[in-house]
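Labels run A, B, C and D following the written order; every chain starts at residue 1.
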């Protein structure tokens, strides 16, 4: 095989690393980006196998038909970028949204592009800053024919079967899913699966975070004995909470042989090794949409999601969004019990 | 009947108001308290039907046998007080713990007092600062014979059947439960039922508080349109959140005819009328034990309590107790996504 | 006052009872309904002050201008009914949606009717089967001028100030909110506030239900001692769970003087008095939209709603919707621990 | 090094596999077990490096001093076994509880054994049925001196540093934590950390399970369109739920390169490959204590644990424990709204 050609709109960290994996695996790439630094950096690194462009017309002109146009820019700007490039494409060309769009958008875009003969794929892309080395996990929505056509590129971007031990019972030629990419269904299916992936991510992250917080408080019987105010519940058994746990070491030991070993734990151990008390963080935790949409989907379809929603709401609370609720609770407590609030901390 | 006599140890707000209701209903009372003001105040108010004492021996001496000794002091001091007075009592006397002890204690105390022939009742007492006017709801644990003996006193303390419309189907002589007091079972049963009452209270309070917070944010489409940072999820439909809701008025309107009408709502409306933006509260919400013990009981007995536990944990979070969890989440997000935290607020 | 005239489309329980309250308070009403029984029943009851119609044209013709058309039919049919009647109305007429529409619809409908000069109000109506006697709590969205015009009708439908003690600090002429109706804001605001009302209702209901379940299991130490299988966690302290609680009696006693006294509790006590073991219920709990939409709104606006969402998800679970999740958990437990599932039932 | 000697009480799967790892790494072992098969099997496999015994006195006599006695039997029987063997031991000997005892017990046992000069270690042991191949993750509580003495054995049981890539920043001689074992603190600390490990495990499992359930329902718009009863909320946008997701393939693709890659996911993919619809499971999910105790610890120390508790309660619900709550909800809905329950499914 002589290699395929990938067109990439947006050479931020994700876009650039996808280009690097593709070119590094024998394909060529055309990149479009308004900022010159990423273009220059990739040109230096990849040489003539990478073609930089700063005008969309040049980008489109440099692509062989059927063109493969991967859009990898922030969700807010994706719609406009797709509209602009679609104006310049021809029937048979393929547009890929590799960003974090809501899958509702994919359904609309695929329908809008269909009359023009332009194919549309949504590819939920997981891997973050580690994707270059680790490969990207690709969850793909769209028509099967286009997915098949892109197979060589997808294989180069994905981690490959050797990235994990094979699942017992899976033998012979590894499936695409074992390589790390999967055609999940028609338009939107890729971002739908990626959305649920992120919903799970929120839940799993919160599970670790809550557990570590319990370890963090495991010495309360030593540190707070006898200091409870009238509005606090004293420890009934301070003798049960006299452990000064080394949390970075605990996350490290769990990485090998335990049931909770995971990539998230690897990262947690890494951060805790570098910053054992997490002093560099304030604890205001953002959310980027997918966690919310996952709960919306759970509600629409009647699926109980108490864990995933609790994880989302804990993020909201971390940003002070429970303040009005909390004041209302204090108001009620004052009203029926004459309780005064604890003074602030 | 000529009226009974109640001995009360502890003349704080709750104890004093129980004495007032009892004396006001034709009984007499002996009070023990180390501070002189409450004794003087009650003496002025109640005249010779109230006997103040400042020494435990005098208190016990002033009581007719079988003595009725109601202990109404903070949970932390109750055990010692009961031990001290029990030394001075005789077989057949009755000790009542009307405070917020954990019901485990009641089981122990009843056993310890049994060999001495002293009867022990635990009476979970609800009503707070409104109990004088409204009557106290009494949840009673202990032996049936003593509960029957105390019936005239309990009836005076409880609200009485006229405090609410009778439940359809309940006719004839009102039951004790309809008067507002109930023998729930053997030792500990009163505080057990009171504990669950408070667990429910936490959940119901949180339901109102969360709902009001949604009303509080109902204008987000007007106030925050276009101001979302890269780390925030923008409103997909700002046009759906352009309501400037008058929350004090909403709580008022719900008081009549709605499904969520309740005493907690009455109190909420009252506080919001006095302080429409809840500016006098900081939002650090205490918890006093019962909410925690309710979840412990749910876990012991395998009862799903997602709502009651979420309410309890929201209180913990209001006091900053999620901080370490939140920092751990931020650390993970930084590690896999290179996300920076939102700057603090 | 000579009274106003109300047109009612839909004479089911809610519509008919609103008509009854209005006519009973000195107004007149025109009713439209395809089924003849409700029309005949109301005519018998209300005499000439009620004008029954079975054709929409007759209904419209019988109304004085500006016409007041209250639509009180199932949410699914409301849109069509409004479209049909709007065709027959004139500028200045008023359409009211008193059902359980999502407030998004109200915003759209108000805009669609505006060019025709037809005014639109959304009135969230709480009160259920008790509304006739108790009055209906009305949460109103739309233009202030129309709400003012309808004031006499709204006052007749609402419970009136005497339905609850006045909130301390509220004196003088009772406000509309104290009468039980409130203009909450522009189009949609009424259904928005009603939606949040129902969200709170779900949470408060779940708080009671979970608490009662703990009482229900309070005898586990007697009933299950020693019968735990290898896959169950035995009770560490069976002696703490030896209470045979009379739950109907507990709900009755809480009705007077307790912090959790509420109308929902009144109803619970009533049902438990009639069916002490709840044998007539299967426990499959429906949800009708508002609870879901409340969580959607919480997520959109970034409000933590762990209690309200847990209540919603518990309903989903009650209908078996967690089955696939649960099987996945069992599969994982088998995989890492060799655990076999408990056998059913 | 000549190797150490391990005494093992209990040769079930866990105990036998620990013996295999120890003997396989150059140590010797003495085993005590009442059933003859495991003894014979291990003798066949391990030859003279394994000494089988069926009498406790023989077991103790076969051990060199200071004896190392690892007790690996069900939690319920551990206390008695330790008492029995402790009678036969001498000062300086070491007892290890490698099972799933609650850490409260460890604190008591260490104190009981101290006057006899017997050392006590609690070792939370994770690894399940895969421990033989994968190594066991060991979380250790007790005195530092004994942990140091046992280092060669612990190293043989643990997975070893090569089981995962080293955490960036960790260089030089791998720490014990990097080998997969960790001295967490004094008596109980090992089981405390193991308890929190299992609490996290419950939360992470639930995150996957809920996410997979959403995928499972992603085709609701196709399968249920138009079939909603009056008591169901119809899908507002059926077009958003028309995905027939291959869940086994999704779990496989997430194993490589995604953020949610983990050992639990590996196992889930394995089970789903073998049983794609999870037909062999009923969905009644047990819990074995640690998850409950984790929430108890969170409550005692004031740590918000909404995710871990929701995971625990979902297991309770899976076993039908919400039934009474659900009936109570149905009763309330009937009471205020006249709603009938959905008929069973």
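Following the convention adopted for this analysis, contacts are C-beta pairs under 8 Å (C-beta built on N, C-alpha and C of every residue); 3 or more make two chains touch, one makes a residue touch a chain.
Remember, it's a predicted structure, so these values are computed and weren't measured experimentally.
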{"item": "Interface with more contacting C-beta pairs, comparing B-D to A-D", "value": "A-D"}
{"item": "Identity of the chain that, by mean CA position, is farthest from subunit C", "value": "D"}
{"item": "Subunit B and subunit D, separation of their C-alpha mean positions in angstrom", "value": "39"}
{"item": "Inter-chain centre distance, subunit A versus subunit D - centres from mean C-alpha coordinates, in Å", "value": "28"}
{"item": "Multi-partner residues of subunit C (each touching 2 or more other chains)", "value": "128, 206, 208, 210, 213, 216-217, 233, 236, 259, 263-264, 270, 292, 300, 302-306, 310, 313-314, 317, 319, 321-322, 325, 336"}
{"item": "Residue ranges of subunit C touching subunit A (in the complex, touch as defined)", "value": "259, 292, 295-296, 299-300, 302-306, 309-310, 312-314, 316-317, 319, 321-322, 325, 336"}
{"item": "Of all residues in subunit C, those that touch subunit B in their complex", "value": "103-104, 107, 126-128, 131, 134-139, 158-161, 163-165, 167-170, 175-182, 184-186, 188-189, 192-193, 196-204, 206-208, 210-211, 213-218, 220, 233, 235-237, 239-246, 249-250, 252-266, 269-270, 273-274, 294, 297-298, 300-308, 310-311, 313-314"}
{"item": "In the complex with subunit B, residue positions of subunit A that touch it", "value": "13, 74, 76, 102, 128-130, 205-206, 208-210, 212-213, 216-217, 230-234, 236, 263-264, 267-268, 270-272, 275, 278, 281-289, 292, 306, 310, 314-315, 317-339, 341-345"}
